[in-house]
Each structure stands twice: as structure tokens, then as C-alpha cells.
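The structures come next, written out as C-alpha cells.
Two complexes, one shared chain (chain A), two partners (chain B, chain C).
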Partner chain A sequence: MAETTLMQPKAAPGTIPGLRGIAADWASDQRAFKNVSWGKAMMWIFLLSDTFIFSCFLLSYMTARMSTTVPWPNPSEVFALNIGSKHIPLILIAIMTFVLISSSGTMAMAVNFGYRHDRVRTAALMLATAAFGATFVGMQAFEWTKLIMEGVRPWGNPWGAPQFGACFFMITGFHGTHVTIGVIFLIAIARKVLRGDFDRERRGFFTSRKGYYEIVEITGLYWHFVDLVWVFIFAFFYLW
Partner chain B sequence: MTNAAVHVEGQAAQHALHAYAHDAVASGATHAAGQQHPIKLYLVVWGWLFVLSTCSYLVDYFGIHGHLRWSLILLFMVLKAGLIVAVFMHMAWERLALAYAILLPPVLVLVFVAIMVFESGYTHLLRSIFFAATA
Partner chain C sequence: MVDIPLDQVAGIPPAEVGEVELYHPRSWWTRYVFSQDAKVIAVQYSITAMSIGMVALVLSWLMRLQLGFPGTFSFIDSNQYLQFITMHGMIMVIYLLTALFLGGFGNYLIPLMVGARDMVFPYVNMLSYWVYLLAVLVLAATFFVPGGPTGAGWTLYPPQAILSGTPGQDWGIVFMLASLILFIIGFTMGGLNYVVTVLQARTRGMTLMRMPLTVWGIFTATVMALLAFPALFVASVMLLLDRLLGTSFFMPTLVEMGQLSKYGGGSPILFQHLFWFFGHPEVYIVALPAFGIISDLISTHARKNIFGYRMMVWAIVAIGALSFVVWAHHMYVSGMHPYFGFFFATTTLIIAIPTAIKVYNWVLTLWRGDIHLTVPMLFALGFIVTFVNGGLTGLFLGNVVVDVPLSDTMFVVAHFHMVMGIAPIMAVFGGIYHWYPKVTGRMLNDLLGKFHFWVTFIGAYAVFFPMHYLGLLGMPRRYHDIGETSFVPASAHDLNAFMSVAALIVGFAQLVFLFNLVWSLFKGKEAGGNPWGATSLEWQTPETPPGHGNWGKELPVVYRWAYDYSVPGAARDFVPQNEPPSGVVAQGAHP
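Let's look at the complex of A and B:
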């Protein structure tokens, strides 16, 4: 009986759809999220709190950029690369964006195959997602190295407002950390999927609870969130 | 008296059950187990994300400036974020109790944005007045 709330429960008979459902669900004097398991609800709530963390970073960046009297370095030039003999603005960041979007696509497919209990495809797609994520972190390491060699520091840089470095390292560093944690998370869950833990209801060594394919979707939620944050960083930090 | 009450209650329960059954039939095709949707939907959204990212990159590549640049960047950003949350994160199929609980609080960040816009305007003014000579 206690296990039933671990799985994705069906909406109970008599739940009200639409806007009236919001009031009914929250006032039901029971669990407010009727057909969402605790694992998924908690991931969403964690992501909400993470949203506020990244909002604060982007807000402090906005405040620094709006209040400085020194011109802000032009990101289009700072992140330009010379490929062959061509000088292409912002190209590395564009490639990183496409890599991360590709990883989101493979993740969405992995969730789909997970619910069809297609172990091999789910694990393969999750590992592909992890590979895209690792590529992204590698490119970020390259970008950091390049900027540090050019003299960017948290307290100054050769092109303009000294706050540029602090904002850049803080925001992209925190995002890169999230991607790295996501890659580890993906590999761990892909291993469990491949081993068939969720088909044989094997208990986890730490929680001693049975796992379900829903964990693939929960991992996916985290991964898509990382992509989502990049959408905002790309718009506000690199393009603005 | 009690008989009548039981009868009414029974009817209500039956009605609710019927509504639930109807709901299950309507969404049964996609909700067999967890969030299952056709692969094609994911591929279409994936394609759109690529198109929108290319568009936002082209804004920079062609060096569009001023209000047009900012509105284009924001437009592509909001569309991409919307697609990711609605389809990839399945928010479009969740009950509204969850969707509103998660999506409304971040909107309040805009209040914080407004406060910090005023604050940085004030800081900028002070810096221009008192540090203009050294800047």
C-alpha cells in the first residue's frame, strides 16, 4: 500500500479538471498533486528553487551591467573564434547551444522509450545525452582557458567593465557544474536501466526502495532544466 | 430521509466515476503508462528548437542593434523556454495544480527585476555625478 504513492498514480475518481481543479486539489485536505508521484513533485520543487538561484545570478549581472559607467565588453567579439582564415562572432557559444539542444532531444526520446520498457534504447539514448553533456563541459573548459589566457579575471579584463569576469565565471561556472552533475546522474541511471533494475524491481543499495522507469523522466526533468537555464544565459549574457 | 441522502450521494459518486471513466478514455491513448507521447511530436519540437536557436544566433551574426535586437532575443528565448517546459518537461499534460504551483512563482522574479532596474539606475546616476572626472 505504501508503495502505491511511489509509482505514477492515476488521478483518483472524481478529480475535477481545469481551473476549478486547482482549488479542488489544493483544498482536498490530502496530497495536492493528484497524479504526480512524490519523486517527480520534489524534482519540480527543487528545480523551482534552482530557478531562483539562477535568477539571482542573472539579476546581479543585470545590476552590474546597468550601473557601471565603464562600457561593457562586447560578447560578440570576446567569444569570436578564427576558424581557418574566417573571423566568426560567437561561434563557439552557438555550437555549445546546439550541442545542448541535441542532448535535450535525445533525453526526451529516452524518457519515451523508458515508459515503453525498451531497456537498450533508453540506456543508449541516456548515454548519448551524457556524451553531449560532456562535450558541452569540454567546450566550456576550452572557453574558460581561452579567456583566462587573454587576461580575464574576476576583478578585471582588458576590454572594459571589470565586473564582466566575475559575472562570466559565476554564471557559466554554476551552469557548468549543473551540467557535470547531470552527466553523472545520467550515467548512474542509464546503468540501472541497462541492468534491468526497474524490470526486476531490484532495491537500491542506499534507499532499499524499488525503482521505476519514472526515474528516467525525473532525470530528464533535471536535464531539460539545465538546457532551459542555458537558453536564458545565452540570451542575456551572450546575445544582449 | 436517510435513504434519500444515500441515494443522492450514490448518484453523485456514480456521476464522478462516469466522468473519470470518460476522462480515461479520452486521454487513454497517450497516458497508457506515465507520460507517453508520439515520437513525432518530440522530433518536431526538437526541429523548432534548432530553428529558433539559429534565428537567435543570426540576430548577432547580422549585427542587428537597438530595440529590434532586444525584442527578437526575448521572443526567441521565450519560445524556446516555452517549448522545453511544455513538451520536453511534459508540463502541458500535468494537472493545473502542479503547473501553476511551479510556473507562477518564477513570474514574481519580474518584480525583483523591476526593483533592481531602479536601483541600478540610481547607482549609475551617483557614479556619473561623483566619479565622472575619474571614470
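Let's look at the complex of A and C:
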């Protein structure tokens, strides 16, 4: 029936700007966020909940690092690479961060082309984003391997506080899992875009609901969130 | 107060959201087992929660037998006693109350009360139940693994939770933590549904300030759960890593069985902070839905509008917000910085203000009301009494200087059983007696219900009221056998025996309730659509029990709040929320 109103909402008539508008929206019937579809609202609230998970992880890590009586390994040394006889601190992390931030750029472009219903470009950009993400996870695997070869374990390491390895593997592992899930979703949605599911309103396999191009943006919200979390992990783990 | 200005001035606004096509079940399996209908999922949640709750009930009998008659029951040794305590607490708080209030009542009532056809994501909702069931099965499996379930206490404090002296150190603790992680994943899927449904899928005319307080309670509790469970999730993951991988997040350097353990440098206090950042909001996650349900029961069965509706809403929101800044009052004796205690005692006492507002408003709703002592009303009254009782002892325990000597005594056990054991379960029972006619189309048996109430209410007092006294004597909690101590007089042992007998009687009264549930399903009196004469939308469905999609062709349109009882001049003593204003004769038309 009139499902398009659900997914591509128009501004409600008589929208009031500013704080009074927010109050009016929350005092109104039917919807508190007037131009927000169900799926997007759900993703935002999920991300809020996920923020609390990452915050708890990072706060626990900070507590461990600040309360340990053994010296904390120096991240500039630990995360340095020898490239062609040159010793460059944090080089791998810098590249990883660059790759992930770039993937946010391609994701934003994919969202743009998605709303123009440009199937090929949307799918191509989403696949590029997924490729960046996969590259990131690959480099993370390389970094893990290097550290494990050097003797870092969840229960100890050669340089200092045993919580270093514990926090490192737990937090980057949890973030890497998020990226991996994101890559899988990106590929799945890109396939749907390319196949034209959203033009033909083909029903989902599990949910048997029709899909819309807005799903590209919702996937993008998740992806940008994962990027943002990385910025905090980067700052608190590698730069501290 | 008849609340119609919006409609009379501007008319009901047009629908902003088009009709969403529902998933229509094609077979028995998708209709009753892998169902995407929130009402079926609610019943599944409720049955699963009550089944695992029965296990916890039996565990409490075993504990009471041991406490009342120490040395008599040779099959309960000290390790098993600790395991019973742990499983009883964990099941009751998380797998019974949280799941029943949010997954059970939430799923059934939210779409019906806000006038939606279903939850916004029925498929995710279905997944939520099945992950919850998996969590329950993993939890139940700990009874059968080598070494049995964990005996770490429901708070699972490290270091003892994963050290070799604690029962269930091999598998019990691992399964327990895995089960918690699964529960949180499952709950998140359901919780997102409840929140988005309330925020974005209400029917025309249903503003937030017209929602029944039940929806407000469940909604706020769900938001809190989405923000509080992450802390438990993180704590569980880290404890699991400590146990399985040998990390030392929570494990300090210590000597275990005469040998230096492999752990070192972790902080047990960190676990307590994470746990109680979840644990204290959890208290209100089970209390706020109870508050909401009780408000609706009292208003309906006293035929009177709720007193101070807006204050009730804001009190719920304020309690929800404040409950995130009081967690360390569980930790006064943990060794954290004493100044923290001062801060957390202050915030704890501040939370008494919105709570007191709610209690006063319930009492003022009853004041000069046309009180019908139906079974739901009896349970609602029982809730107020037990909640006030438990709340007042909470004021004792919230103060550092009073808490320190009372810590880890039976006084604490009595306090939290009164305030978050008996009181919420009273709301659960009241809610079930109230909404069972809508779920099944039949009334629960009244006589059995009254028997159930009086035995439960008086029995709960017989169990927990003397327990305060035992706590003041200094009797510690979590002791398998108190033995001969100079400060516990012989009479205290007699009191313990009395409490145990009372606990068994209360327990068996619950079997009467379960019998009533099953018997009334087949033999109960036909209920009709609206047996209590209630105003909220769930009683106005075209069919009882409500069909797939809840409302016939047209969604209901809401013209007023949910508490128009005994409106002067109205034809009946209640005006349903979806009755247009012309049904109400202007006030003052009849003297």
C-alpha cells in the first residue's frame, strides 16, 4: 500500500524550527522523530547501545593501564615497523587508519548515489568500501601475527604489564569483528542493489519485507560508527 | 480531566505512516512456533520465563530447608548451597523478571496499547525470543555439566568466581557467562523493537503523554536496559577471558591452594563497578514496568483517574536517569575510595523523591475511589505495601554508616527481596490476572486467585519480615550453616525454621496459580472484550483474543488519555481512549 511514505518520509506540514520544533514533535502523535523511518531509528538506538559497550571496554582498559604497577609497553616502539632498514613508529596504524577513514568517504558517496537510484555506482562504491574494510582487517591480522611472533600473549608480553596484550587483543578484536560484520553486510546489500531489488521492491529472504535504497544509508550509519570508534581506539591505545 | 483540546481545535492529524504489510503465517509452524506475531512471542517469553522461574523457586525451597533445619538434609552440602544461591538469584532477576516484564508484558502490551499492528521488526523480534531461549537452555545446562553450576553468588565477583575453591569453577562459570552474553544479545534485538515501536509507530492521536503508564514503564526500562546491559556484556566478556585465556583484567596477584596463581595486576573493583553499573539500573528495569502496571491496575479497579499523570511520567523518567548514578552504593564495603560513598549516598537518597511521588500518587488515586477488591487490585495493593516496606529499608542501606554494619547480613537479603523480589512479582501476578482475559478470552478463577494472593502476601511477610530482625542480630547471608555463635540466640534458629515452613507454603501456593492458569484456559468464565471496563486501547480490539494485526481494517484513533474513569456526565463510568469526544456530555450538564 502506501509504504513509500514509511521509507521516504516527507517533512510533516507545519514543521516548526528549533527547540520548539523538537518539543512539538515529541508532544505529537504517531512519531517522535518526524522524518525518520523505523529502520534508521533502530540503527541509531542500536549504535547508542553499542557506544556504551565500547565505552565500557575503553574505560576498563584505561583503568587497567592507570592502575598497573608494572610499566606499560611503549606503543611507539611496539607498533613500529622496519621498512627498508628504516625504523618507523606507528606506520602500520597510520596506514590502517587512513584506509578506514577513506572507506567512510566511499561509503558516503555510495549513500549519495543510492538516493539517485544509480545501481551500478552505488554497488561499486559499496564494494570499494567493503574492500577497504577487508584490507583493514587484513592489516590487523598482520599486526596481530607480528605481535604474537614477538611474544605478546593475552596473559603476558616481554615488555611490561600483562594487561597490554589482554586489552589489545580484546579491544582491537572486538572492533575487528565489527568491521568484519560490516564488510559482510556491505557485500550483501551491494548485491541487492546491483540486482535491482530496491527498484523492483523484491522481498527480503528472511523478513519478507520490501527493501528500499534507504538501507544503503542505514548500513552507512553503522560503517561510520565503526570508523568513529576506531578513531577513539587509535587515540587511546596507540597515541597515549 | 478530559483531555481533548488537540482534536477539537485541529482535528486528528492525518496518518503519517502508511500501512505496513504484516508477515502472514502460512503454516502451523510459522503461526505458533516460529511466529513473528508479538502476541505469540510474548506468550513464548512468558512461558519460558515462568518455567525457568519454577526452577529458581525450587532452589529457594532447598535453601530454606537447609537454613531452617541445618544438618537435617544431608543431600545439601555447602557447595550446593552456594550453587543454589547463585542460580536462584541469577534466574529470578534476569531470566524471570527482566524477560517476563520486557519480553512478556512488553511484547504483548506495547503494540496493543499504542495502537500498532505489531512490533516494527517482527522478524528481529522472533530472533530475540529464540536467542533468549538458547540463553535459558545454556543456563539450565549448567546443572548437568561436571562440577555443576557456578557457586560464585549471583554477582559473580572475581577473583573467587573463577578460582578453584568455588564450586562450578570448571564449566559452571563458563556456561553462566556465555548464557549472560547470549541473553544480552537476544534482549538487544527485542529492546530495539520496543523502543522504536513506542517512539515511531503509535496510532493517530496517541501522543506520548496519552500513553498508559504501563507503556511508559516498559519503555523507560527498555531504554535503561539498552544502556545498562552493555556494562554486563563487557564484564562477562572480560571475566570469560580471565577464566579461559588467563588474562588478568579482574584478577590480582594471589595465592591459590598454597601456590602463586598465574594471575596478576588486575582489579576486582573494576568488575564490581561494571557489574553494578548494570546491576543498579537492573533493579529499576524490573521496578519501572511494575510501577506502570500497578498504576494502570489501581486506576482501573478503583474506577478513578490516576492522580498526577504527568508527575507519574516524569517520576519514571527521573528514576530511570538517576538510577545510572547510584551504582556504587552496592560497594560501600568494597574498598573503593570513601569519598565515593558520600556522593553515592547522596544520589541514592535523591532517588527516594521521585519514588515517593509515585507512592503518594498511587495512594491518592485510591483515595475516595470506587475500589473493587478484584484479584488484580489485591495484588496492586500488596505491591504498594511491600514496595514501601522494601523502600524504607533501602533508606537504611543507602547511608554509608548504617550500611557498613548491615552489609552481608540477612537484613540486606530481606531488603532486596521485599523491594525487587516480592514487589515486582506482585505486579507480575496482578498483571497476569488483569490481562489473562485479553490473552485467552477467559477469566482466571477468582476464588483460587484470592487464595493465591492471601497466601502469597501473608506468607511473603512471614518469610521476609523476621529476616530483618535476623539481619540486625548480625546473622550473615550466604552461610550454609550458621552453627553455634554467641550473638545469635537459640530463638533465632526457631525463627529460621518458621520462615522455612512459611516459604514452603508460599511456594506451594504458586502451584495453585499455575493450576489456575491451565484450568481457566479451558474452563474459565468467558471474559468478553472488556471485562474490567478499562479505557486503554488493548481492551477495545475487535476480537478477543486480538487477531493477527490486532485491529480489524482500521487502526484505532485516540482522542483522550487512558484514565477517563467515572467522568461526570458520561454514559458509562469509563470512556475508552478511542471514543470520539461527542460521547462525552459537557461537564456540568448534569448536576
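As a working rule, the second predicted complex is superposed on the first by the 234 of 240 C-alpha atoms of A that agree within 3 Å, B and C clash if a C-alpha of one lies under 4 Å from a C-alpha of the other, contacts with A are read in each partner's own complex, and residues count from 1 in each chain.
Basically, a residue touches a chain if its C-beta (ideal position, glycine included) is under 8 Å from a C-beta of that chain, and two chains touch if they have at least 3 such contacts.
Computed from a prediction, not measured in an experiment: that's the story for all the values here.
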Which superposed partner A:Phe52 touches (first chain B, second chain C, both, neither): both
First (chain B), second (chain C), both or neither touched by A:Ala166: second
Partner chain in contact with A:Tyr115 - chain B first, chain C second, else both or neither: first
Which of chain B and chain C A:Ser85 touches, first, second, both or neither: neither
Chain B versus chain C as contact partner of A:Phe206, first or second or both or neither: second
Touched partner set for A:Thr63, first chain B, second chain C, both or neither: both
Chain B versus chain C as contact partner of A:Trp38, first or second or both or neither: second
Footprint overlap on chain A, where chain B in one structure and chain C in the other make contact: 12, 26, 32-34, 36, 41, 45, 48, 52, 55, 63-64, 67-70
Residues of chain A touching chain C in the complex: 1-6, 9, 12, 26-34, 36-38, 41-42, 45-46, 48-50, 52-53, 55-57, 60, 63-64, 67-70, 154-155, 161-163, 165-166, 170, 174, 206-209
Residue ranges of chain C touching chain A (in the complex, touch as defined): 12-13, 15-21, 23, 120-123, 188, 191-193, 195-196, 199-210, 226-227, 229-231, 233-235, 237-238, 241, 245-249, 262, 264-267, 270, 274, 277, 558
Residues of chain B that touch chain A when the two form their complex: 13, 16-17, 19-20, 23-24, 33-37, 39, 42-43, 45-46, 49-50, 53, 56-57, 59-61, 63, 69-70, 73-74, 76-77, 80-81, 84-85, 87-90, 94-98, 100-102, 105-106, 109, 112-113, 116-117, 119-121, 123-124, 127-128, 131-132, 135
Residues of chain A that touch chain B when the two form their complex: 8, 10-15, 17-19, 21-22, 25-26, 32-36, 41, 44-45, 47-48, 51-52, 55, 59, 62-64, 66-70, 76, 89-90, 94, 97-98, 101, 104-105, 107-109, 111-112, 115-116, 213-214, 217, 220-221, 224-225, 227-228, 231-232, 234-235, 238-240
